[in-house]
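In order of appearance the chains are A, B, C and D, and numbering begins at 1 in each one.
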Amino acid sequence: MSLLQEEREIILGNQYVEAFDFAEVEDFVKNANKELFISHHFKHSNKMLVQPRGGFPTYKKQFALYEFFVNANVDVLPLTIDSNTRLNDYKTAARMLRLSEENDVDMLNGYPLVNHGYRTTRNMITHFNKPVSLRHGTPDARLLIEQAIASGIFDIEGGPITYLLPYSKNFPLDKAFLYWKYVERVCANYSQLNEPINRESFGPLTATLVPPAITIVIQLLEMLLSLEEGVKSFSVSFAQQGSMMQDIVTGHVLKKLARHYAEEIGCGDASIHLVYHQWMGAFPMDPNYAEQLISIATVIASMVRADKIITKTNQEAAGIPTKEANSETVANTQYSLRILNGLPDITDEQEEEILTAEVMAIMEAVFNDPADTLWRKVFNCIKSGIIDVPFSPHIINHNQMITIRDDNKNIRIIKRGKVPIPDHCFDYEKAQCDLSKDTTSIVNDIIHDIGIMQ
Amino acid sequence: MKVVTGVIGNDIHVVANRLIDLSLKARGYEVFNLGVNTYLEEFFDAVIETDADILLISSLNGEAEGWGREVKALKAEYKGLDKLIMMIGGNLTVGAGKAEDIIPKYKSYGFDLVCHQIDLNTGLDMLADYIKEKSA
Amino acid sequence: MSLLQEEREIILGNQYVEAFDFAEVEDFVKNANKELFISHHFKHSNKMLVQPRGGFPTYKKQFALYEFFVNANVDVLPLTIDSNTRLNDYKTAARMLRLSEENDVDMLNGYPLVNHGYRTTRNMITHFNKPVSLRHGTPDARLLIEQAIASGIFDIEGGPITYLLPYSKNFPLDKAFLYWKYVERVCANYSQLNEPINRESFGPLTATLVPPAITIVIQLLEMLLSLEEGVKSFSVSFAQQGSMMQDIVTGHVLKKLARHYAEEIGCGDASIHLVYHQWMGAFPMDPNYAEQLISIATVIASMVRADKIITKTNQEAAGIPTKEANSETVANTQYSLRILNGLPDITDEQEEEILTAEVMAIMEAVFNDPADTLWRKVFNCIKSGIIDVPFSPHIINHNQMITIRDDNKNIRIIKRGKVPIPDHCFDYEKAQCDLSKDTTSIVNDIIHDIGIMQ
Amino acid sequence: MKVVTGVIGNDIHVVANRLIDLSLKARGYEVFNLGVNTYLEEFFDAVIETDADILLISSLNGEAEGWGREVKALKAEYKGLDKLIMMIGGNLTVGAGKAEDIIPKYKSYGFDLVCHQIDLNTGLDMLADYIKEKSA
């Protein structure tokens, strides 16, 4: 038995897991309907796929949510996991699930997939026969992913960096890399049986003044870590940044370099997709304004030529959105995509050049790290501040890079910290901003810039 | 004056916390920032260690209410916190809620200043006024 | 006394008009606050001005509407006139106004300005101290415009072609030209006293598959007819057409040629502005979808770099919108304009070239008409079908031009009728469409194309 | 079969009228289209002149109700209109309104087929069914 298989058996031997039938699951994946595979839709659909967010504790409520989504003409269903499961606390999740079922109150902020088990969950997923995307935020997602794939969920979001730096204060980063290596391998293995399992990275990160160079580098690294384990279908992603042109340029550079580096490591046969998140930062309180913001995000996603868009609702600033609000967004986004015609195909050459140079310089610094494997190189670079994510709450993150917005609301790096932004790029970035102001004004600008969509 | 600040509970929304750090410093306070994901004991320990005048707590994900109830009991276990100014702000309830319900509740937990969905600068102006008033 | 002044005295001697004090009105205009002049705002504001639609019969309701608009941060107030006044039936308007005032029901679909009189109306307009745009659809607007300017309304929409071909079945076109000549002269004369009075043409026409070449030609001709009478500030306009690229190209060509022809007739000193109408065609019934449509229109207006945007509401398909819906749109549009950042400045060279050639060919045909004055040339060209407006209900219009949408939803001319579209342009237009289909399929395509935003 | 069509009253919304013209022709009817801005007398005159089988009226701006009330009286003044199929469609009320209120009202005015906010093709299918039924 392989080492991986040994590890799988230990993981799946967890007391909260129903007996896992490896052969049956393999068989299920092999014969699963192609409609369930987002990789299949990416191949054959010529429209942008629309995916909302959402997860409820009970089977009944999740089922009802899906019915709403299907009525709203959804392309990809979400399955958002509760935070106990994210922390591998299946015991609490079980208790809360029972309470939710008995009292008809939601005691969990998502679907506790491990407790429901794959047999039950698979019923729901095959019933709707739409691709489902797993959204969690789990550093150790080994057990969760096994259950997800066994349930028919063939689109798996996350990664060791993007699910850690924005979401955690002190979970050990090195462990996260190892746990995700397991996930990649399991996905890669199952990918040989039918259409490939798709992996997706979480580009929005902290959704707060993250410069595109950092977003892209992290997208590329998570992609490489995945492809090198044999994954054949991968989605890189990013969220609306606040400037249409910067989004367009980011999309171009991300696509171009994803292809480039995939080929560099001999994985040119993998298919790579682009996912765009509607605004993920601080929302306006006014739901009418939030509606405009979402709608404009859809226009930009179309200009960016994204393959999939992940939606928000006009209730974002207020609290967790209802299923009605969520499905309204889906219907509205589909409508917007239908009426967006004659979109120009454009770029800004100079911006592309600068951004490409920045990304390649950081990537080179990562590759030049003396460690023996890619994940260790990346680990070292985060630790040393070569990769630095603005507003990450994680203790390992350096927080020395400072960004503000220029007059066109592009995010610009005005302090690079330890990130090896080439001098000519750094000079260009700073030249776009008014840096003659005193510190207080610059701090006020940053506060203003965080709230620009409010 | 010395301020201990941070975000309470399992809340990792760090943006407001960073801005609070910057703004307090800009206003001349000496700041001890415990960051996100900070528990009540950690706050009080830090106040004692630094001999802080002010404890400024943030909560963004609505969980503060659960912690609020324990404030009085816990504070009583520490000594010399009588003159500590206690302030809380951010999003002080899950989902939508009205300030007129929320403020008295948090005052009863022992907070002197309660800023539900109040902009940071307004909140820090309130703090300055409060300090002036108290020392007058 | 000049001939014009004689005519003015006759017109203003109308029995339904309060005594018109020429000297007082002149004095008022001379000393009027610059804020009331949209021409002043065009000069000094660096944002797109936002103007809603709306008119109510009573002073009280109109006042309340303006209060709503001002709260929503409006830039330009509308004054929409009722249809009796549009047909110079002041008697009926007076009766309906009395009924509306007595019973608190709206018996008119707009504000009967002539009956209210300029003294009353001026109170309202100077109270709000915002520029007001007069929106009517009146072929003989002589009396109306006198009253409007005397009230402090310094932005006058309309024109002999654009207020006739879409709005009337058989009002005589030649008379419309003469009546509008009067309007232009009055505007020109008042323009010498203070900031210029702005004239605006109604570019949307029938809002139904009108090709940009026809829209632009009519905009240019109404502009020339106005400038040649001495008007110094003019707004050309068009409505969202259904393809972002076609809108951008239309905006470019319209601006460029407006400048060109203004200079050609020695009126290069006039200032020319661009106005964009949110979608004017068939709306979706679903107000959520209508909301998306409007919001997308704002994005396109920004891409087009319009100087002013005229809004619609999400109630358009249902009926006449409430003041709440109208002011919500204003607030939303202002918000959208605030968050639209980093918009690229683009065009499509080939499309611009083709469109420019079409417009110049039609303009040449108009200028080559043997008649002695421009208005007679234009009259002859409409009569002979050199200018042909799809879906005009007017008997003089030829209705021989047929248009459909190509794959990118650009409006394309597939039958040119008598319109002198140059051969190479016509070939280009047809080449974008699939014309191998049978007539029934093409008719179905046209029906589909009319409803593309539904 | 012969159809007289047009838009009633001071209504100049011509788009549906053009489509109706095209669609009727495509379905093999002989069409006499009076266009927009057509009054009731003009409709009946045209029916008599052309010996039409069907009168198909559109209204888009909601004004049809005012005209509808006069249909019966006016029709009675003409002779030989007993077998005329009368149909109306478009937007049959000012503002929002419910089909279940509108249809009986227009039927009482003398219309055989009432299509409030019903898509053209559906309406013309209804007409075909109605003709088939009647001749069966």
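Basically, contacts are C-beta pairs under 8 Å (C-beta built on N, C-alpha and C of every residue); 3 or more make two chains touch, one makes a residue touch a chain.
As the structure is a computational prediction, the values presented were derived from the model and not from experiment.
Student: Please compute the C-alpha centroid of subunit A, do the same for subunit C, then give the distance between them in whole Å.
Tutor: Inter-chain centre distance comes to 46 Å.
Student: State, to the nearest whole Å, the distance from the C-alpha centre of subunit B to the C-alpha centre of subunit D.
Tutor: Spacing between the chain centres: roughly 72 Å.
Student: Return the distance between the CA-based centres of subunit A and subunit D, expressed in whole Å.
Tutor: 56
Student: Based only on mean CA positions, could you tell me how far subunit C sits from subunit D in angstrom?
Tutor: About 32 Å, centre to centre.
Student: Where in subunit C do residues touch two or more of the other chains?
Tutor: Touching at least two other chains: none.
Student: Subunit D: which residues touch two or more other chains?
Tutor: none
Student: Between the chains shown, work out who touches whom and classify the graph as line, ring, star, complete or other.
Tutor: Graph shape, chains as nodes and touching pairs as edges: a line.
Student: Can you give me every chain pair that touches, using the contact definition above?
Tutor: Chains touch in the following pairs: A-B, A-C, C-D.
Student: Under the stated contact criterion, what part of subunit C meets subunit A in this complex?
Tutor: Where subunit C meets subunit A, its residues are 242-248, 284, 286, 288-289, 291-293, 295-296, 298-299, 328, 331-332, 335-336, 339-344, 346, 348, 408-410, 452-453.
Student: Which residues of subunit A touch subunit B once you look at their complex with the stated criterion?
Tutor: On the subunit A side, the touching residues are 83, 166-170, 206, 208, 282, 318-320, 391-393, 439-440, 443, 446-447, 450.
Student: Under the definition above, what is the set of subunit D residues touching subunit C in their complex?
Tutor: Going by the criterion above, the answer is residues 10, 12, 14-15, 18-19, 22-23, 26, 35-37, 62, 94-96, 120.
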